[in-house]
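What follows is a set of notes on a single structure, which appears directly below.
Chain naming follows the written order as A, B, C, D, E and F, and within any one chain the residues start at number 1.
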Amino acid sequence: MEISSFFANTGFAHLAWGNAAMIGIGVIFIYLAIVKDYEPLLLVPIGFGILIGNIPPIVGMPLGVYDVGSVLNYLYFGVSKGIYPPLIFLGIGAMTDFSTMLSNPKLILLGAAAQIGVFLTFMGSLVLGFSPQQAGAIGIIGGADGPTAIFLSSMIAPELLGPIAIAAYSYMALVPVIQPPIMYLFTTDKERRIRMKPPRTVSKKEKIIFPIVAFLICAMLAPGSMGLLGMLFFGNLLKESTVTERLANSARNSLIDIVTILLGVTVGASTQAQTFLTPQSIFIFILGALSFVVATSGGLIFAKLMNLFLKEKINPLIGAAGVSAVPDSARVVQAVGQKVDPTNFLLMHAMAPNVAGVIGSAIAAGVLWSALGKF
Amino acid sequence: MDLSPFANISVSHLVTPEFNAIYFSLFGMGLVFSGLLVISLYILALPKLLKLPGWWRSRRRPETPGAEEEVVAGANRDDEVLLAIATAFYLHQDFPEEQEKITFKGHGDLDSAWKISGRVRGLSMRNPSAMRRKIGGK
Amino acid sequence: MEISSFFANTGFAHLAWGNAAMIGIGVIFIYLAIVKDYEPLLLVPIGFGILIGNIPPIVGMPLGVYDVGSVLNYLYFGVSKGIYPPLIFLGIGAMTDFSTMLSNPKLILLGAAAQIGVFLTFMGSLVLGFSPQQAGAIGIIGGADGPTAIFLSSMIAPELLGPIAIAAYSYMALVPVIQPPIMYLFTTDKERRIRMKPPRTVSKKEKIIFPIVAFLICAMLAPGSMGLLGMLFFGNLLKESTVTERLANSARNSLIDIVTILLGVTVGASTQAQTFLTPQSIFIFILGALSFVVATSGGLIFAKLMNLFLKEKINPLIGAAGVSAVPDSARVVQAVGQKVDPTNFLLMHAMAPNVAGVIGSAIAAGVLWSALGKF
Amino acid sequence: MDLSPFANISVSHLVTPEFNAIYFSLFGMGLVFSGLLVISLYILALPKLLKLPGWWRSRRRPETPGAEEEVVAGANRDDEVLLAIATAFYLHQDFPEEQEKITFKGHGDLDSAWKISGRVRGLSMRNPSAMRRKIGGK
Amino acid sequence: MEISSFFANTGFAHLAWGNAAMIGIGVIFIYLAIVKDYEPLLLVPIGFGILIGNIPPIVGMPLGVYDVGSVLNYLYFGVSKGIYPPLIFLGIGAMTDFSTMLSNPKLILLGAAAQIGVFLTFMGSLVLGFSPQQAGAIGIIGGADGPTAIFLSSMIAPELLGPIAIAAYSYMALVPVIQPPIMYLFTTDKERRIRMKPPRTVSKKEKIIFPIVAFLICAMLAPGSMGLLGMLFFGNLLKESTVTERLANSARNSLIDIVTILLGVTVGASTQAQTFLTPQSIFIFILGALSFVVATSGGLIFAKLMNLFLKEKINPLIGAAGVSAVPDSARVVQAVGQKVDPTNFLLMHAMAPNVAGVIGSAIAAGVLWSALGKF
Amino acid sequence: MDLSPFANISVSHLVTPEFNAIYFSLFGMGLVFSGLLVISLYILALPKLLKLPGWWRSRRRPETPGAEEEVVAGANRDDEVLLAIATAFYLHQDFPEEQEKITFKGHGDLDSAWKISGRVRGLSMRNPSAMRRKIGGK
C-alpha cells in the first residue's frame, strides 16, 4: 500500500471547484444565520451540513449521505423516506396557537389564495421541461414550508430533493428581504394604515375540538395531506387537551429539536457539488423565487378582493402572511404595517392567514401527491 | 436534459393527452379553497353549536359526577391533600435532615410523575372555576 | 387523468360505516381522556390515532400503518417489532419507587395472585377457538400492562396486535369503573376498615441492590421476560444509583414521552375498520373484560387467604392493586378504602402489589412466549 | 373463523395431544408465584446480609480511602471549591459586566456538564453525612 | 410439549461458568461506578448490559444482541453500524468549551503526542498475530475515547467490537488509577511545581469561527474522521453560534443521554461469555492497558521536549491529559499537581491537550480507517 | 487463532509485501501531528486576521444595518416591547383572573417558542453592548 495513495485519499487531492463553491455557500448560510439572524435554527444545521457534504468523497469509503452504509446515509433515511417532516409538524402543532384563526375565520381564505404560487410554479416547471412529478415537487416550494416541500419531493421526485429543500429553506429565510417590495407594490399607503379590531376570545373547548374536526375535513378532502396534517393537528390536540401537557412539551422541545438537527445537517450534506450544481438546480432556484413572489402577490390581491365585499375592511398587508413561513412573514407584515403607523399591531391578525397557509400548502401537497404519485 | 436544458422548453407540456395541467391546477386550487372554506364555515358554526342545551348537559356532568365517580374523584381530591400531610409527617420522623427534598421525592414517586401531570390537570378540571374557564371564559 | 378519479380519491367516496364507527370510538377515547381524565397520556394519542387510521385508504398511496413505505408504517415498526414496550419500561423503571415493596415483601405475592386472570383468560380464549399463540396474547390483557400486552402479541400473535392493544389500554383506563364493584363484592365493611402500620424505612443500599438481584432472579426463571424486565430494572438502577441521575431523568421524560406518542398514535392507527371490526375483536374485548374481573378477584381472594395465616392482617382491598395498571388501581384502593374510613391511607401499601403486578405479568408473558413462541 | 365464529367453540381445545393448556397454566402460575416468592424471600434476607461485618468493611472503605485514592478524591474535593473561587476571580477581571452568567458557564464547561452530575454525586458520597445516609439512614 | 422442556428453558439449566464470571464483572462495573464514582454514566449502563447479555441464551428465542429480530438486536444496530458514536460526539461538541485550547494553541501538540499510544499498540497487535484491521481497531483503544473506538471497530473489525469497547471504557474509567504512577515516574518534583500563567480571553467570534475551520482542516487531511469530527464541531457550532441555543441544549441533554443509555446497555449486552471469553479478548485487554501507558508517557515526554525550546515552560504533567478521557485525565493532572503545590491550578491548562486529544485520536481513527478499510 | 493464540506471534507481521506497518505508523503520527499543527497555527493567526479592517466593517454592519433591514429589525425590536404591553392589556380584559399565565402563553404562542429563542438572541445581538461582547470582550 503506497503512501502516495494517502495523499490521493486526502481531500485536497479531489477538491473540485464545485465543492469549494458549495463550501462557500455553506459558510454564507451560517453567516446569515448568526449575523443576520435569518431562520438560524435551520440555516446553521443546513450550512454546516453543506460543509460536510462537500468534503470531496473518497472512493470506497462510505461517508456521504448517498453512500449505502454510511452514518449520514442512515440519518438521511428520515429525509429520503419522508419520516422527519411529519415529526416536525407534530412539534409545530404542539407549539401553534390557532386562536387568532378561530377568532376570525374569514382570514383563513388568505392562506388558500397564497397557494396560487404552488400551482403557477407547477405549470412553469412543466413548461421548462420538468416531468409532472418534478414540477409538482418544485411547485410546492411556493408553499413556503420546508417540511412539506421535503415530504412531497421525497414521495414523487426524490432525485430533486436536495435542491428543492435548499431552495425552500433559503427563500423562507429570505422572506424579510423578498416580501416587503411586493407588499409596497400592491398596497396603497391608505390600505397599509387600515386597523383591524382585536380578535374575540376563543373558548378552551373550541380550541380542543378544532384540531379534531379540521383534521377530518382536510384528510377526507385530500387524503395525501394526512401524514403531515395528522401530525400537525395531533400535536395541537396534545397542546390544547390540557391533560397531555408533558407529551406536548416533549414534542415541541426535545423531539422537534433532535429531528431538526438531523434533518438540517443531512439535507445540507445532500448538496454535493457533483450532484447539486446542475442546470436543473438553477431552474429550481429561479422557479422557487418566482413562486414566493406569486404566492405573496396572490395573498395581497385576494385580500383587496375581499375588501370589495366586506363591510369592515381587512388590512391587505396580512394577505402576504398567507404564504406561511411561520412566523417570519407575519413579522414582516407587522414591521411594514408599523412603518406607516407605529401604533398599528397587525401581528396577531397576520397569524391567522399564516397558519392557514401551512394547512393550505399541506392540502396542495396532498392533491399533487395523489394526482402525480400514481403514474 | 442536463446537456441542453433550454432545448426542452415548451408550453405544449401543459396540455398532454394523459394530463391537462391547467385543468388540474384549477381543480387543485379549488380543492385547497374548498378545504379551507369548509374549515372556516365550521369555525363560524361551532360557537352556535356549543350553545345547544344538549351539549351543555353532557359537558356539565363532570362538575356534578355520578355516585360511583364521585367516590373516586372526590376521594382522590382529598387524598392528594391528606396524603401530602401524612407523607410529610411520616418522612419527617425518618429523615429529619432532608425533609423538603425527600418529601417531594416521596410524593413524586408514590404518585408517579408519569401520571401526576394528568392527575393534577384532572383535579383542576373538577375544580369549578377551572371548569368554568374550560367551558368558555365567562 | 380524469377529475372524476379525484372525487374517487377523496375520502368521502370510500367512507365505510365501519370507518365512521371507529372514528366515533376515537372521539369517545379523546372525550374520556379529557373530560373524565382516564389515562389521558394514552387515550389521547390512541384516540387520535384511531381517527388517522380510519380515514378511508386510497389505493396505490402508502398512507396507513400497514402500507409498506408509508411514514406510519415506519413509525409502527417500533410496535410491530416490540421495540417501544421495553423503552417504555425503561422510563417506567426510572420513575418507579420500589421502597414500599421492599418494606413489606409479603405483599408482593398479591401481585402474583392477580396473574390468575392471565391464565384463565388464556384457557377461555382456547375454548373460543383461538390458536394457542393468539390465546396467550389475549390472556396477557389480564396483566393490565399495555406495553407487556403489545410486546407479547407482537411476538406470538401479531395479527391480533391492534385489538389486543386497544382492549388492554381501554380497560386500564376503565379501572376506576371496573374494580370498585368487585372490591365491594369480595370484601366486608370490617375488612375494608383494616389499617396497616406504616412501612419501615428502606436504606439506599437496599434500593440500589434490588433491581440487580431482582433482574437476575426473573431473567433466570423466565428468560422471555428479560427484554421487558431488563429495561424496567435497568431504568430503576439508573434512578437509584445516585450517580446516573441525568440518564434516569432523560429516560423518564423525553424518551418515554416520545415513545408513548409514537406508540399511541400508531397503535390507534392500526385499527382500520376493515381489519379491526371482526368477530374476533368482539371476543377479545369480552375476554379482556373477563380477565380484568378475574385478576381483580384473584388479588382480593388471595389477600383474604393470607389473612388466615398472618398475625397482623392486611387490608384485602390492596389485593385489587395486584392487577397493576399502575398507579390507577392503587388509587382506586385508596379511594374505596377512604370511603369507609377517610383517615385510612392505603395508597402506599397498595403500591407494593401494584408494582409487583407489573413484574408478575412480565414473567407470565415470558412463560407464554417461551412456551408458545416455538411451534 | 371470521365467517362462523361460534362454530369453533369447544372445551376440547384445552387438552390436545401436543399441548395440555390446563397443565401448562398451572405450571405458569407456579412459575410466576415462585419468581415473586424468591424475590420477596431475598428482600427479607437482604437487610440481614447487609449487617454482615465483611460487607461493612467493603462498604466503609470509601469513607477512608487508600492513599492513592485519597490524593485524587481529596484533591478533587478541594479544587471544586478553590477552582470556583479562582475561576470567578480570573473571569471577573475579563468580563466584569456579566460575571454570574459567564462564571457559571465557564465552570460548567471546563468541568463539563456531561460529567459534573456524576462528580457532584461523587463528592456528596465521600461526604460523611451523605455516606451515612447511603449506608442506611441511621 | 413437555414440562421438562420448561426447566430446560429456564436460565439455570444453561448457566455456564463463563456467564457467571461475566455477571460478576458486570456487578463490579456497577460497584466501581456507584461507590468509586468511576465514569458512572458509562459503567452503570455497560455493567447492567453485561448482566442482560449473560443470561444464558434460549435456543429459538430472539433475546440477545446477536439474535436477528430481537429488541436488543435492533437497539444494537446503532452500535454495529457506527451510528451512536457520531451522535454522542454531537452532544459532546455541544458541551465542550474550546476556549482554553484557543487561548494556548501550542498545548494542542500534546494531544497529538499522546496518539503514539495508538500506533505502537497497532504494531504490537500485529506482532501478536491480529489482522491489520483488527490491529487498527485495537490500537485506537489508546485514543481513550469510547465512541471513537466503537466507531472504528464497527467499520473495520466488527468481530472484536465487544472486547474493544469494554476495554476502552474500562481503562477510561480507571484513568485515576493508571495515570498517576506514570506521571510520577516521568516528572521531577521541580517540574510538577511549574506554574503556568492564566490563559488569555478568547473572543466570541474566535469561538464561532473555530469549529468551522477546524472541521475543514481535519476533514481535508483525514476524510475518515469526518463522521466523528463533523458532528463534534457541528455540535460545538450549535453551542457557540448564540442563535441555536435550544438545539445545542437538546443535543447535550436528551439526545446524548438517550444515545448513551442505548449504547451502554447494548455494548454491555454484546459481551456474552460464549463469544467474549477468548484468548483474543485477553490479548486485547493487555494491549489496551499498554496503550494507555504509552499514550500517557508520550504526552509527558513530549511536554518535557517542548520545554527544551520554550521560553516560558509548561508543566509536563498536563501532557498526561493528551490521552483525552475527557475530563478525567485533566482532573488527575489537577490532583497530582496540587499534591505538591495545593495553590497550583492546572485544570484549565490541562483541558487544552485534553480536548486536542479527542481531535487527535479521531484523526488517527480516520487514517486507520482509510488505510485498512479498503483491503 | 483461538486454539493456539501464541503460535502466531511474530515480528515479521510488521513488514509484509503489501503493508509496511512501521512506515505506515510513522506516516499516521505525522498526519495526526500535521493536522493539529495546522489547527494551532490557524488559531495563532486568527486574532490577527480578525483585526483586518475589511472584517470589521462586515461584522459591524448589524449595529448599523441598511435601510430595508432597519425597518424589519427596528420594527421587530419595538413590537416585541409594545406587543407585550398591548397583549397584556387586551388579555387583561378577558381573563382578569389568570393574567400572568395567559399573558405569557399568549405571547409565547403568537411569537412561537420555536422561533422566540432565535429572535431574542437576534435582538440581543442588535443590542450594542451585547454586540460588543460578541466582537471580543473589550
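Basically, a residue touches a chain if its C-beta (ideal position, glycine included) is under 8 Å from a C-beta of that chain, and two chains touch if they have at least 3 such contacts.
Being a predicted model, the structure only gives us computed values, none of them experimental.
Minimum number of contact steps separating chain A from chain D: 2.
The most distant chain from chain C is F, comparing centres defined as mean Cα coordinates. For the pair chain A and chain E, the fraction of shared interface numbers is less than half, so the two copies use mostly different residues to meet.
Look at where the CA atoms of chain D average out and do the same for chain E: the two points lie 22 Å apart. Separating the centre of chain B from that of chain F, both taken as means of CA atoms, is a distance of 35 Å. For the pair chain A and chain C, the distance between mean C-alpha positions equals 40 Å. Multi-chain contact residues of chain A (touching two or more other chains) are listed as 1, 6, 37, 40-41, 201, 221-222, 242-244, 246, 253-254, 367, 371, 375.
Looking at chain D, residues 18-19, 24, 27, 31, 59, 94-95, 117-118, 121-122, 125, 133, 137 sit in touch with two or more other chains. Note for the complex: chain C touches chain E at residues 81-83, 86, 90, 208, 212, 215-216, 219-224, 226-227, 230, 233-234, 237-238, 241-244, 246-247, 249-251, 253-255, 369-371, 373-375.
Interface of chain B with chain A (complex): residues 1-2, 5, 7-11, 13-14, 18-19, 21-22, 24-25, 27-29, 31-44, 46-47, 50, 59, 117-118, 121-122, 125, 133-137. Interface of chain C with chain D (complex): residues 101-102, 105-106, 108-109, 111-112, 115-116, 118-120, 122-123, 126-129, 132, 135, 201, 203-206, 209-210, 213-214, 217-218, 221-222, 242-246, 278-280, 283, 356, 359-360, 363-364, 367-368, 371, 375.
Partner chain A is touched in their complex by these residues of chain C: 1, 6, 9-12, 15, 23, 27, 30, 33-34, 37, 40-41, 44-45, 48, 51-52, 55-58, 60-61, 63, 69-72, 74-75, 253-254, 257-258, 260-261, 265.
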